[in-house]
Each structure stands twice: as structure tokens, then as C-alpha cells.
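Read from first to last, the chains carry the letters A, B, C and D; within each, the first residue is number 1.
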Amino acid sequence: MFARAVFALAAAAIAPAAIAQGSTADEIAKYRAALREGNPAELWQARGEALWREKRGPKHVTLEGCDLGLGPGIVKGAYAQLPRYFADADRVMDLETRLVWCMVKLQGYTESDAKRNVFGSGNDKKSDLEALTAYITSESRGVPMKVPLSHAKEMEAYRVGEKLFFFRGGTHDFACATCHGEEGKRIRLQDLPNLMTAEGAQKAYTTWPAYRVSQGELRTFEWRLYDCFRQQRFPELAFGSEAAIALTMYLARNANGAPYDGPAIKR
Amino acid sequence: MIPSARVALFVLGAIAAGCATPVDEGEIAAKATAVIKASFKPAGQAGLDRLEQDETQRACSAAAGKALPRDIATKIEQANLATIRYPADGKFLGDWKNGEKIAQEGRGMQFSDNPSGPVGANCYACHQLSPAELSFGTIGPSLYQYGKLRGNGIEVQRYTFGKIYNSEAFTACSNMPRFGHKAILSEQQIKDVTALLLDPASPVNQ
Amino acid sequence: MIDRRRRTVLQSGGSATLLGLLAATGWLKPGEARAEAWNKGAFDSHSMPDAMKALGGTDSVVPSKDIVFFQTPEIAENGAVVPIGITSNIPKTESIAILIEKNPNLLAAVFDLPGGTEPTVSTRVKMAQTSNIYALVKADGKYYVATKEVKVTLGGCGG
Amino acid sequence: MSDPMKIRASLVGDSTEVKVLMSHEMETGQRKDAQGQTIPAWFIQNVVVTHNGKTVLAAQWGTAVAKNPFLSFKFKGGAKGDKVTISWTDNRGDKRTDEAVIA
């Protein structure tokens, strides 16, 4: 009771206008524009394209026969229609999961070999999956997002993803929605898109993968989810897990209609 | 703690209220729970127990971003209010300089963090505080001149300490962590952050 | 002429200055464009005060409005990558160097620009913290400088 | 082995604009690894750009140049179809040379 009365008093006080927010935002916009001049993601794209065409693995074949959803070997525009249901695997897959599938089925890698370096770290631990993802996604640049929900499992993934988006847990009570469920917010100086809206999801989803300046690495959407959960104080999100794919489905589908615009460069 | 029968009731109520397609909503919710359990691995200091929701987390998840009915919100707030342990010495204000460090520190309790390393409150991620820090978030309200606008009487001190200790006691389903209740910060750290907000010498109040 | 200027630099600094080091070890000698040349002394320089005393000395280094920063933000979202563009409108520009006052090693890069190459370069540097950036230009044997402060911010979720 | 550079050389008016991205760690020598050991400095020290055998840019770099370096500049005298060659050398003595055709 007492606390509530004080709270009312506290809430009644009017917060002063944020200082110099406008000019800070302008300067950050200039910083981002300057970075777009040259995006090191291109180095990953080039390596990924070479990997795609190289005969590799125990079976010594290329990945060019891999079906990313539009038919074997069709790369152009494939990412704009992922995740999707794949009958051969009888499950919904995102791009990274599908690449692992193709490395196993076509090239003969074991699943653990294919997943050895899902997230790269420096020169000694480069990730083939990140490079391949950079290449495949770059081939959808400018293609409108068109993620299907026609299969029952696609619909289920979407709806489960929506539930997970609101799941609060961990020591800090954080859910995806804590930071990404409102308009016009930012964390530190970084704008937070509202991922429940088409506009917000489009802005965010179509710019992953991205070269992360703070890490000096190209990062995929699987990594984006993994690292969000790390910072939410959750345990580790498993690569290619159902939760990762369901959330990706929720966000990718919400981004439908917007041209894909990655790989991008971000802080 | 809230008696569990009542909790179950208000969780169910919240689900029903947010229900768009009632046919298999429960099925999807059950699937989501199973997916969560199957998709994470323990890492560092973050065990799978962190996925076990308490009553507040469960109710706020089910609300799916929509406002809770007032009676349910009140129940959450009352239950959380009961958890607050105010300082035994009756003193709410610590060292604002240390409070500033805690407000800046973003590490703590992530699986990548050293368990014996620093644990901060990361206030600047969501709030403006000292005007010298340009890099502040806007998820929460600006706290610049927090004490200057409200005064720093004992009631404001007590409220502020309590809000940091357990934010859900005052606003159900707040985005703000429950720093004391979840043992993220120590009592002394909460006092230091309270001082950052209320001490007249703090840069927040200049 | 260069010798006299170097003396001035050394005298006003009271010790080996960065500029002194640059001159003494043959930095920016006309015609020098050898891949093997790497000026260890200049790149190992750790302190700015001496260097800045020298840079402020009008006889040796002249502050110039003809050196322009472009694509250089006042606030960097991350210090790991800070875009820096420098154009010199000073005739006969031979070299452009980038120095960052508060970095552990001050000198970031030196670009020698033979005749026919435009006096403008754009690259990206790391900044340990908010700092002044110096664009040092050598033109027709003389040194000129321009300064810009870049604020480095903390970003993201913080961990 | 290092990855190829990504070079773009394009004619803008009577100048050739060169933009290059290089794959390199540019390790400062200031950082420590998880075990507390200092990670040794490893960085590109020299960059030379030539056009028709003539040097059009020679750079010396320190550890403060950002990881996966980017460089952009312009020179006069290039023509479409000409080759621009870029070489770097790092402090371990590793070298790499790549070329691009002016478009």
C-alpha cells in the first residue's frame, strides 16, 4: 500500500527530455553509412562460393546438387523462402540446418563433422558454415521474402516460434519480447526493431547474416539467436534445434514482402 | 509465495484471454514447452534449471505482451512485494560512485561470464542516467534527475530500493529484472544503485 | 632545411618526439615507396604529449584547414572499427598519416602518395577509447596537421 | 593460407577508384586469450598498389588498422581493362598479392 502510494508519486514526476539524443543518432547514422562503403562480409561470400563448388567430404562431391527448397542446385532466391518444410527430412529447416543436411547426405560428412565449427573464431577456427551461409544469402539480395506457411509443420513451427518469443525465463526474466516487442526503443544506442510487426521484422531479419564489427566475424541468424539467449541469461541454444528453427520461422515469415538485403554490416 | 492453486487459476485465465485460435492453442503451448526443454544445453553457470519458470514468469509469458487483467496484475504485484527484504539497518543509500560502475557493467550470470567475475545491473542498457553517458537505452524511462525531481526523502529511498529489488512488486510483467529477488545484486549493490539515483552529489542529479 | 626543422621539433619537445622519430628514421623521404620499409620507431611511439608539443610548434607542423576529414563520424558505435577518411587540399601532398592520441601505439597508418595519386585516403582504425585523431600531411617537404575528436561508445546488451 | 583480397577498381571520370578488403586478423598484441596469455601481434605492415608496373600507393600500417582491413583511394591515368595489383606483407613475413581489372 505504502509502496504503491510512493510509486504514484514517483511516476507523476515528469522525466526531462533526453539530452542530445537527436545529434547522437545522426552521428551514429553517419558511422553506419561509412561502414557500408566496404563490407568484409564479401570475404566470407567469396570463400563460401568456392566451398559450394569444391569437391569435398568423404564422397568428394560439390554441394551444387543440394536442394535448398527451389530444386537441386538452385541458389538464387532460395534464402528468401527459408525456413521451409523439406519432405526428404520430414521437418522444417532453416538454411544452416539444410546445409548440414546436404553436407551429410551429399558429401558424406558425419553430422558432428559438419557441425564442428558452426560459429567461427579468428583465423585458426574459420567456419565453413558461416562462409556458405554468406554466399547463399548474398544470392537472395533484392529478392522479396516469401516464406511459406502452406505445410502443417511450417504453420506449427511459426506458432511455436511465436510462443517462444514471449517465453520469459532465466535469472533476469527476459524474453525476446522484452527488447523486441515495442516500437521505437533502443538498447544503449542500438535501435530495437519490434519483431512482432512486419516493418520491424523486415528491418531486422533481412539484414542477417551480418559482419559484426564488434567481433570481426560474419554472423548468421542461428548465431543471432544463440547470442540473444546468451545475453538473456538462458542456457546455450543448440544449433539447428527446434527452438532455433521455430523462432527463425516466426521472424522470417513476419518479414515477408520486404526485399532481402544481406549480408549486412553491423556494430 | 502465492498459493499454487490461485496461480494455476490466473495463468489459465491469462491464456484464455490471449487466445486467438482456441482449437489447438493448448497443444501449441504444450509443444512450445517441449521444444524449449529439448533445444537448450547447460553451459557455464547457466543450467537447464533456468528454463523452469516461476509463477510470475509463467503468467507474464502467457500474457504475450498484452496487458494483464487488473486483478491478476495485482496478485503478481502482491506476491512479489512480499519477497522484498529491506535493509536491516534501515539505510537505503550506499555509494553512488560504485552505483555508477554497477549501472555501466553489462556482465554477470551469462554462460560466457566468469562465475566469480563482476555482476552488474547494466542500467544504461535501458535507461538514461548520468548525462555524461551518451550511450543509453530507452526501454525504460529516463532516470536523469531522478532524485532532483522526486526529492530523496526516506519514502522515495524505500520505494527506489524496493523497485530495484523486485520491480514486479510495482508493475506486473515489468521488463526490468528483479535484481534482489533473483540474487543478481547484493543488498549493498542495490544500495549503491539507489544512491546513484538519489544522492544529491550523484551526476544523475546535476 | 629539414635538419633545422627537426632540431626545432626536438628542442621544443625536450626529447625524442614522434615527429622527430619520423624525420630521424627517414619517414616520408621523397621517392621512398619500398614495400620493405616499415618505420618501427614511429609505430612503437607510446606518448603523445611530446609529439603534440612538436605538432603545436608552428615552425614544424602547421595546423591546416586544408586537411579535411570525410566519412569520419563524431561518434563511433564501436571502437573496433572506426572509419577515417582524409583529404588534403594542400598542393604537392606527398604523404598522409593517421595518429590516434589515446591508443597504446599512436601511429596507425602512413600512406605515401606518388604524383598522379589523389591526396585522399579512406580506411578504418581501432580506437581503444574516445580520442583525438590527427591527420598529419607532408606536402612539399613541410608538415601540416588537422584534428578531429571521435567519441567511442559502449553498445549493445553490454556483455 | 590467407584468403584472397576483394578488390574493386572502377573508372570515375578520369580517376581510377580502388576499394579493397583484405582478410587479416590485425591482432594488436595487447589482447589476452582465455588462459591469460598475451596473443602476439600479427598485422599487415606494408601495402603496395601498382598500376602498369608503377606504384600508385605505398602504405605502412601499425596494429591500429582494423581487422579485415578496408582501403579506398584514387589515382589518375588508369584505363578500362588495365590491371591493378595489390600486395601486402605482414609482420610474420606472410605475403599475398591479388589483382583486379579496372571496370
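Rule of thumb we're sticking to: a contact is a pair of C-beta atoms (placed from the backbone, for glycine too) under 8 Å apart; a residue touches a chain by one contact, two chains touch by 3 or more.
Note that the structure is a prediction, hence the values are computed from the model and not measured.
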Task: Chain pair with the higher count of C-beta pairs in contact (C-D, B-C) - done: C-D
- [ ] Could you please state the distance in Å, as a whole number, between where the Cα atoms of chain B are centred and where those of chain C are centred?
- [x] 48
TODO: Take the average of all CA coordinates in chain C, do the same for chain D, and state the distance between these two points in whole angstrom.
DONE: 19
Task: Chain centre separation in whole Å, for chain B relative to chain A (CA means) - done: 27
Task: Centroid spacing, where centroids are CA-atom means, of chain A and chain C in whole angstrom - done: 39
- [ ] Would you give the residues of chain A that are in contact with at least 2 other chains, written as numbers and ranges?
- [x] 24, 37, 187-189, 216, 230-231
- [ ] Enumerate the residues of chain D that touch no fewer than two other chains.
- [x] 66-67, 70, 72
Open item on the list: By the touch rule stated above, which residues of chain B touch at least two different other chains?
Closed with: 110, 112, 124-125, 134-135
Task: Pairwise chain contacts, counting only pairs that touch as defined - done: A-B, A-C, A-D, B-C, C-D
Open item on the list: Could you list, by residue number, the parts of chain C that touch chain B in their complex?
Closed with: 75, 151, 153-155, 157-159
TODO: Can you check the complex and tell me which residues of chain A touch chain D?
DONE: 37-40, 42-43, 46-47, 122-123, 211, 216
Open item on the list: Per the contact definition, I'd like the list of chain B residues that touch chain A in the complex.
Closed with: 28-29, 31-32, 35-36, 38-43, 46-48, 50-53, 56-57, 60-65, 81, 109-112, 124-126, 128, 131, 134-139, 141-145, 149-150, 155-156, 158-160, 162-163, 168-170, 175, 177-178, 182-184
- [ ] Using the touch definition up top, name the residues of chain A that touch chain B in the complex.
- [x] 2-4, 6-7, 9-10, 13-16, 18-20, 24, 156, 159-160, 162-164, 166-175, 177-179, 181-182, 184-189, 192, 196, 229-231, 233-238, 241-244, 246
Task: Sites on chain D touched by chain C in the complex - done: 15, 26, 28, 30, 45-46, 48, 54-67, 69-77, 87, 89
